[in-house]
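Let me begin by presenting the structure, written as structure tokens, before commenting on it.
In this document, chain identifiers A, B, C and D correspond to the written order of the chains, with residue numbering beginning at 1 in each.
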Amino acid sequence: MASKFFAIVAGVGAGTGRSVALRFAQAYPVVLLARKPESYTDIVAEISAAGGQAMGIAADTSDTQAVASALDEIKKLWGDKKLAAAIYNASGGFSRKPFLELTLDELDQSFAGSPRGLFNFSQAVLPFLLASVPEPPPHGPPTLIITGATASVRGSARFATFAAGKFAVRALAQSLAREFGPQGVHVAHTIIDGVIDIPRTKGFNVNDGKPDGKISPDAIAENYWYLHRQHRSSFTHELDLRPYVEQF
Amino acid sequence: MASKFFAIVAGVGAGTGRSVALRFAQAYPVVLLARKPESYTDIVAEISAAGGQAMGIAADTSDTQAVASALDEIKKLWGDKKLAAAIYNASGGFSRKPFLELTLDELDQSFAGSPRGLFNFSQAVLPFLLASVPEPPPHGPPTLIITGATASVRGSARFATFAAGKFAVRALAQSLAREFGPQGVHVAHTIIDGVIDIPRTKGFNVNDGKPDGKISPDAIAENYWYLHRQHRSSFTHELDLRPYVEQF
Amino acid sequence: MASKFFAIVAGVGAGTGRSVALRFAQAYPVVLLARKPESYTDIVAEISAAGGQAMGIAADTSDTQAVASALDEIKKLWGDKKLAAAIYNASGGFSRKPFLELTLDELDQSFAGSPRGLFNFSQAVLPFLLASVPEPPPHGPPTLIITGATASVRGSARFATFAAGKFAVRALAQSLAREFGPQGVHVAHTIIDGVIDIPRTKGFNVNDGKPDGKISPDAIAENYWYLHRQHRSSFTHELDLRPYVEQF
Amino acid sequence: MASKFFAIVAGVGAGTGRSVALRFAQAYPVVLLARKPESYTDIVAEISAAGGQAMGIAADTSDTQAVASALDEIKKLWGDKKLAAAIYNASGGFSRKPFLELTLDELDQSFAGSPRGLFNFSQAVLPFLLASVPEPPPHGPPTLIITGATASVRGSARFATFAAGKFAVRALAQSLAREFGPQGVHVAHTIIDGVIDIPRTKGFNVNDGKPDGKISPDAIAENYWYLHRQHRSSFTHELDLRPYVEQF
């Protein structure tokens, strides 16, 4: 039997995006957005192999037209389905440098992948999420989840451009929550406060190498799924997640 | 078969405490603490009727000796069990008045029920929670959850004494999280940002009477259960919960 | 010519309180409150020697009666003067210990000197400050300034009781600002985020011993004076102060 | 006698920028940056008439080249002077609209005038400010002040793009403070939490029309001057300013 709802994840790769897609695919067909097909091909296969349904679409979320085209494609293929959850997990360029060595281009890259991408994505998915309010998805109200980081709430030295993008994302998330929450859409922002345990961070010495000193992407995915399941009488807007051994 | 773990809830009554006790009783035998037996008698019966196990102990958490006696009683009766989760849901006196009409006694009552009670409770339960770290409970790491409110992060006009108590509780929660988190105990603080839907608030006109405009205590309980289930690589320290229609 | 206004400083000693008293004494006669006369005797003399006017009163601000008596004494001696500014600089007991080694008495001491003292002091001085609104003091609107610390906004490990008192003070400060600001009284709270350069901290190695790595109490006093001078169209409620080399 | 130091204000017009320029011109020659000469011509004349020294330069701070050219011009004309203080008061486009009616262009305009402009401006002035550290200006350490707003800390409904720009500015301000503070440059960010009393807001009904219910731009300027004067042992990073009658 075909599901009447689907989920969409922007910014999939080897880490959080993949885990989130796999988690939501246990309940809904999932669309995976990434700039390049190689970021999602394996995950689509993995979901299919597990008996789920998935499609990948190559789209740069900082490109308004690309996002619109992606949504058109979804309508064509899955026009009978309504949107249950949208997750924005993309991120802009990350530069860790003394401020005077940064370029305006690095600031723009941070904006492109973070707030501009979220802006386009939100404008594309919110009409779908609103349309799902009257007959809500089986597992929870229509949900938009946005991934943030420590840099969303703290502008550290040498993180100027990265933090600027993340702060801006948080501003958008708050504004969306305050506008669309009362209309029945759950908008949540997460503060991932630690290093995520993914292939790229394998060699990082984090929290003295203690077990579970890096954040499990599967654990993040469980939390995102939980946010989707929250009852509308008790929505969480901002969720911090950090390893038990993390300094904060 | 007897469970090897139990949970304890301080501050049970007709609202959050009852729902939390019922929720945790689905997995663990539960101890209910309240100043007066009439606050827990019905809940103990309700848990038993549902096939769970519960005991109530009358104790004022602001009284160090009373808390110690309660723990002694638990050891005597359930000495074979270890502590999985402790929830502090008690609250001090609430006065909504112009500042110059408040009395020092009202400030003291706010402290008694909020930070002083939490202090005694935490000193009593933390050694038990630490003892559960090596062989953790089946559903999640040993957990201490502390109930906060809007007044935990905002000192509004005419809420001086209530906010003072709630801010102090939040300070303790942060300090405990930073000390005991790295030792494996999950300490979480919640911001209940809205009116809870309990008998006492039945007639309150909240959020224009919109459906689910008050927070369901059962939904709070689900969230507390979820906090207990979080993987130690991704603990949440502070969880905000508010109705979708709540201004914030 | 006798001044028509006076200032009052609670919590004077060798550090901030002394500097604040000296600074305000340049403009107003000053009352100094401290638990013991030896805390203010030298400062009173210093102010007199500099051509100012001061009186010391021994009073424990955590004792409601003692504060009331102090105010009675002021009325008797300086009944012709109105209150321009009140500064609460007292602090409760400070314990830096693992949580399980703390006693409830240490929590109570933190509350006594911090929020309870502020509560009594505010109830005593606010009627005087309100009375000064119609014909405001020459240098600025009637002002209540409350000293906070890093622990006012952060509950660090091993600072549980100290942070609880400081958080509670901040709650009171916010509540007072929101109630009395619209009535014309400027209520400000400061976050002193660093080690103050006083006799007691002489040997402390702070910020690698860099010059001005500790906060000058005279600089704090200049800031407090500045808060008093702010125009009522642009009040600051919370002022952070830290050395240029301080990590934050 | 020629002053050895100058100040620079980016974003001058009829409000805060003008008042800040006039205030700093009491102590230093001042450079005024604005997109269009008509924004500064009158102010330059006003400063000259008051016996001060000023020059205006037309430059869009969101244009890296334009900022660099402006600095070159300053070097040519005032190459003998060192920089005492730089104030960033420019702001991006302001749109108050339902999110789905906003365009990406409006987000980009908010970024252009706010974080991108600040980025260019900071990269241009920080080397000058650093050069002033060894022999500091007569009135205070070299200072960079950045104007923020309520939207810097709160993403309200219908303010998505404006808040995104302001949050990003705050991230940059924090990052700059943490990097350049320890090098001796005072970086401060202000939260202007209210309506400023300028020609454009003359007819606005604010705070029930109460006197001083709008923020006086001259009062803001006094506060900026005060920030410049702070001793380096006690820098303020974030200063909130609001009318005594403002809700917060």
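Note that in this section contacts are C-beta pairs under 8 Å (C-beta built on N, C-alpha and C of every residue); 3 or more make two chains touch, one makes a residue touch a chain.
Everything numeric here is computed off the predicted structure, so don't read it as measured data.
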> Which chains lie in contact with each of chain A and chain C?
Replying inline: B, D
> From the centre of chain A, which chain's CA centre is farthest?
Replying inline: C
>> Measuring centre to centre with CA averages, how many angstrom lie between chain A and chain D?
In response: 35
> Centre to centre, by mean C-alpha position, how many angstrom separate chain B and chain D?
Replying inline: 46
> So, what's the distance in Å between the C-alpha centres of chain D and chain C?
Replying inline: 32
> Out of chain C, which residues touch more than one other chain, so two or more?
Replying inline: 178
> For each chain, which other chains does it touch, given as pairs?
Replying inline: A-B, A-D, B-C, C-D
>> Which stretch or stretches of chain D touch chain A in the complex?
In response: 64, 98-100, 102, 104, 107-108, 111, 115-116, 119-120, 122-123, 126-127, 151, 154-161, 163-176, 178-180
>> Give the list of chain D residues in touch with chain C in this complex.
In response: 141, 178, 181-182, 184, 186, 194, 197, 212-216, 219-220, 222-223, 226, 230-246, 248
